[in-house]
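Look at the two complexes coming up: chain A is in both, with chain B in one and chain C in the other.
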Partner chain A sequence: MRKQLRKVLCTFLPGGNEMNGKKTISWYLFNGVKFREFPILLYILIMVLFFSFTTPGFWAVRNFENLSRQIAVVGIVSTGMTLVVLTGGIDLSVGSILAFSISIGGRGIPLGRPMWIIYPVILLLGTLLGFINGVLITRIAVPALIITLGTMNIFRGITMVITRGIYITPIPPEYTLIGRGYLPFFFLLIVILLFMFVTLRTRLGRNIYAIGGGEQASLYSGVPVVKYKVVVYTLSGFLSAFSGLILVGRSGFIQPQAGVGYEMNAIAAVVIGGTSIFGGSGSVLGTFFGATLMGLILTGLTMQAVDPYWQGLVTGILVVLAISLDSLRQIRGRGQLISKR
Partner chain B sequence: MKNILTSQTKIIIALIVIDAVIMVFLTLLSPTFLTYGNIVSLLTRMSELGVLAVAVTLTFISGGFDLSIGAVMAFSGMIAGYSTLLGLPLFFSILFALLGGAVIGLANALLVVELRLQPFVVTLATMTMVRSIVYGFMRGKTITAFPDSLLSLGDKYVLGIPLLFIILVLCAILAFMLLKKTILGRYIFALGGNERTAFLSGVPVRTMKYFVYVLSGLLSALAGLLLVIRIRAAIPDAGLNAPLEVITAVVIGGTSIKGGKGSLLGSLLGVFAMFLLINGFSLLGLNPFWSVIILGTVLIVVVGQEGIMVPFIALLHRKVRS
Partner chain C sequence: MITFDHISKNFPGVRALDNVSFSVERGEVHGLVGENGAGKSTLIKILSGIITDYEGRIFIDGQAVSFRSPHHAQSLGIATIFQELTMISELPVFENVFLGREPVLWGGIVDRNSMREKSQKVLRYLDSNVDPDTLVGRLSIANQQIVEICKALVLNAKVIVMDEPTSSLTEHEIERLFSLIQRLKDAEITVIYVSHKLEEIFRICDTITVLRDGKCIGSVKRETSHPGEIIRMMVGRSMNERFPPRERKQGEKLLEVRGLSRKGELEDVSFSLYRGEIVGFAGLIGAGRTELARALCGATCPHTGEIQVGQKIFCGFSHPREALQAGISYLPEDRKGEGLVSCLTVRENLVLAILREISSHLWLNNRAESKIVDRFVKNLQIKIYHPDQVVETLSGGNQQKVVISKLLATQSEIFIFDEPTRGVDVGAKYEIYKIMNDLTQEGKGLIFISSELPEILGISDRIYCMKGGRLVKEFYCEEATPESIMYVLTGGK
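Right, the complex of A and B next:
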């Protein structure tokens, strides 16, 4: 019983997938450095030190509250994106799914519909759109990037046509409850812990890694690849809608342009967290660290009065650096002359 | 008998028929469609996306991918604008704008070739970076201080055809010659067909990849200049929808995203069909976002079939069977 418990608990530590319940805390102190997630922790530490010296007011409580809320929205989207990237796919439509579910689902708010109807409807819409993505990607033999480039525009277009670009602005106070204080961060932690458990300790998780490692191979070994891919994109849609709820709670209004560019932030958090863009290796915990690092850097830049227009440049550079490191690691591992492609 | 028409020719014939059908419909629905003014404005507006389509066709045939085209458009417009503001002569501002595009293409190529990254993700990142640079410098403002010698190009006509459209046609002809008449063209097709085989049979794979991405950046920068001439200003939002629009048009025209297969004529006809649709929507007074929805749907429907022809044939077969 104690062994079982320790096994489950080990899931939530770095490198948990290599655990068999025998490792102890002291083992971590000596070997934790070896894990993929460790360098990111170091970068986070460096960033915190850097900003605490250069930016006055960095240690203010308000700032951390703000930071935690910013990380929460991107982090939840990134968790779904991690699952997708682990299977070797990509989902560009996360921002559009977010906007679609909150704008279309939120149309009941001015009509006075109760919250216990609105919230499930929003989550259901996101799940449905994710499911559509998954079905299209598994039916049509085309890279997920092209399909989600299409659905990203379709969902955004439908949102704009139906709402005509109009905000839903007086929102009852009960909807902002979810965005207060450290509550968004609490939800992020729950989502992260849940999906760490799912990826490392369940059949679904094992198969996600298997599909990313080699889709053909896992198909031949009897993994229902189509089913799991649909599940993964559906989960990504659900999580996008969920982070939409938090975004609404944080901002206090619903705008149809919400979530533009989130796909880039999510991909950045995922690849910075050490998940390979080729699929098959990486972790949800890494994504959590990646999202934290991104949030730190972007908030720090804002506090240093850098124009928010430049955030895309920073995100892009971080993405290129992260995937370059990953690719270099693979090149060194294989030593091939030209890429596999 | 069956093999007289290749699949490529079939796609082009199908596209011509589709274009003609849309035109007939629009003529019936809107009295202003078949006026000289509307057709000319259609051709002028088509020019910049047409040039982009040429760039995307080349990259797709080589088995590459470039999402950064739209951002490069805005980037080159911005460079041209700032060089003009600095008082540089027109020749230099155009040169710098084109060079700027080529540099972005070179950066893409470096990352794709040297670090062996996926072109999808690399160009997604460069797109975000370049767009952010443009927003950061221009801060949502437009630059209108262009000399008349540049802007007047937009009002020039040769034999009643707008000059911008002629530039597009010239680009297309040059690219066509490159693909069909030179060894470089054969290399590009070989590279897209199978990279490993091409490498083993002596195709300079790395050089060709550099060539294609730099050319794509250069053509996108040219498209940015054409846009500046047409709307008489450099705007930070230039080419925001370009990746979707152009990739859809190119894919409709029978160019495979897997590489090794494609036609420039098909791409241009695809762009024309797309513009007819967009023009039709605005003439009928519909929400412009409808065209985004339809383009996205068309992209998903067509891309798996490599050309607009196959879904039609599949549809016919299904009808015959049931």
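Right, the complex of A and C next:
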């Protein structure tokens, strides 16, 4: 049992690849304090404490259910964004991919097509759009920022033209199953764990970090840079569509304007989670914490009956704070010897 | 006019300047020569205010000065024209001339008319027909240089520093530049002319100062010297003890390159490499050595020609991966940008080229990874205290060993080492030479590119001289001397 637990910890903690068995559980707990996601975990604790004292009803079960569902949608999109940002790129089209997939894929619902066709079609559409992003970015020598800014508008435009802005509602109850209770959060956890494993323990993950840390050096080392970049944008597209499914389940209708502004929330979660916007360092776990912190603060503010117009402002401040922290870490980090990934 | 008094500057691992002292007289053209890496550029950077933390003092007209920034150096009358011209190509000539010091009218409005007029006046004085309204990006390099000189004159510069000004000029343009320099001299403006082309130095300079390994070897008057003396001053140093003993043996042919050409970079390059051999490529900066290496390692694709590795014939590689599979691995000149992923760890960098080999399906095999890392850390004596140490925090020599380990792990047969000892201290240099020797003992072939002549001479079995993208001469180690190679490289026939 202990051995199993150790193996699991080995997978997710830095330096955990030394499997010489001398490390005890407490070693991992102690070492956990040193890893780079720790500060943000601390902020989360502070916020939880703050809200539990100032906001009555914060500990209500319903509240946590709400919070978890809110985190889930942005969290899954942010996971894809993390991969993209780690390679040194950015994907502004995630919100549009989400809307495109559910709006176009969901057109089968009023026609009475079964769910086992609709869901795969939606996921496939997202994957395809992500793939298109990847191909364009690697073929055209223009920064990903510009390309995805373009595809963001193109995908959204196609969605609007085809749907003429009309909602699909009502949708059959089986589609809302995925958005009920803690199920969204459960899916988020699976996605997070899966991609933590991918980034830390697979060839794909290693190459993602390498490309983001130094594209030229990776190329010269024989890394198929183009291939992996396409893979990363494709994954981002897939995850956007997947979070679209959850969004449909949560809201109970399909809206062509869905996902507007998600790219900014996702980038915010990634950056707040400590991933360097220049690529090469950061983690999926950090993004999960980043999304949690954002969700926590926004929910807390809503519960304190703070004007909703404050939300954008607060997110903005968080992002600026996180980026300043990151550059501070880079300045101070010159003396840092062991990688804290 | 300008006196350098015991100027020293350390970079991590290298002493770029070591107690350099000399004086430049008013109104003379002062030549500054030295091999690549002798410290010329560092000295210029100090003089132009780019490097501000150095030891020693600089006097201008007897007064001690310390430059705080490029802007400050300019206001003290020192204008520098860098090899890569520093102008904004999207702006017209006259705005570039006044960049950072625009004359303003009342209320902060830029006085464009007076800017245009003054530029026009100075350009006419320089005998140039450049229109002040053209965008700088549209001008030829020669004309851009004239604009830079114009800028210096408008700033009332007393000293103009020119760094390799003729490197991208045609014969005719060089003549014009020289007559311009003569004109500046007549106007009592001091010119510091940095070059390693001796013919030019001897045509234009009054005094010549030679730098070598960061030390000032001496200043001589042109009339009392001759190119042979300067060459000796540039290269002369003892070569014993600096290189490990080497046993020469030549095996079967490993690599043959036939008629490799790439427009603007390489012209009809043919050579061969045998097992157990180190082939040195000598050349000045821009001679096409790195371009050749890049074509061989798959970073660029040659337009014509073929590369034969063993029995297989390739007409170039389209991706570095293909070259690696063919057995050619490349140690890039730019260690930070192309050799290493600086923010990753030693372990991650070391196995970057063999991820496929150490993974089963998609998963990385950590045990195999650690084993390989431990083996190389031990064999090459890389000084780290943990494989998860970020590679950026290592010294230059250890960083280079990580890159070399990465190449060795690929089990290639042919290694291209491009400036492997750059930014590496003397002790680590010796170790790198030893690694190279060991490789050839195992029957691998090594292509060795270096700008340091003694290094090339000390370790290569054969030496190819490159100039302008072509191989101009082949030397066997025994017949090569620093003087003879320098003679070929600096323009002799």
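Odds and ends about this structure:
What we mean here is this: the second predicted complex is superposed on the first by the 309 of 341 C-alpha atoms of A that agree within 3 Å, B and C clash if a C-alpha of one lies under 4 Å from a C-alpha of the other, contacts with A are read in each partner's own complex, and residues count from 1 in each chain.
To be clear about the criterion, a contact is a pair of C-beta atoms (placed from the backbone, for glycine too) under 8 Å apart; a residue touches a chain by one contact, two chains touch by 3 or more.
Note that the coordinates shown come from a computational prediction; the quantities given were computed from them, not determined experimentally.
The partner that reaches more residues of chain A, of the two candidates chain B and chain C, is B. In the superposition on chain A, contact is made by A:Gln216 with chain C only, not with chain B. In the superposition on chain A, A:Gly108 makes contact with neither chain B nor chain C. Overlap of the chain B and chain C interfaces on chain A: residues 337-339.
Within the complex, the chain A residues that touch chain C are 14-15, 17-19, 201-204, 206-207, 209-210, 213-214, 216-224, 280-281, 334-339. Interface residues of chain B, counted against chain A in their complex, comprise 63, 111, 115-118, 120-122, 124-126, 128-129, 131-133, 135-136, 139, 195-196, 199, 205, 241, 243-244, 247, 257, 287, 289-290, 292-293, 295-297, 299-300, 303-304. Contact residues on chain C toward chain A in their complex (touch as defined above): 297, 299, 319-321, 324, 330, 332, 334, 337-345, 348, 352-353, 355-356, 359, 362-364, 366-367, 369-370, 385-386, 388-390, 392-393, 406, 410. Against chain B, the residues of chain A that register as touching in their complex are 90, 136, 140-143, 145-147, 149-154, 156-158, 160-161, 164, 261, 264, 267, 277-278, 307, 309-317, 319-320, 323-324, 327-328, 330-331, 337-339, 341.
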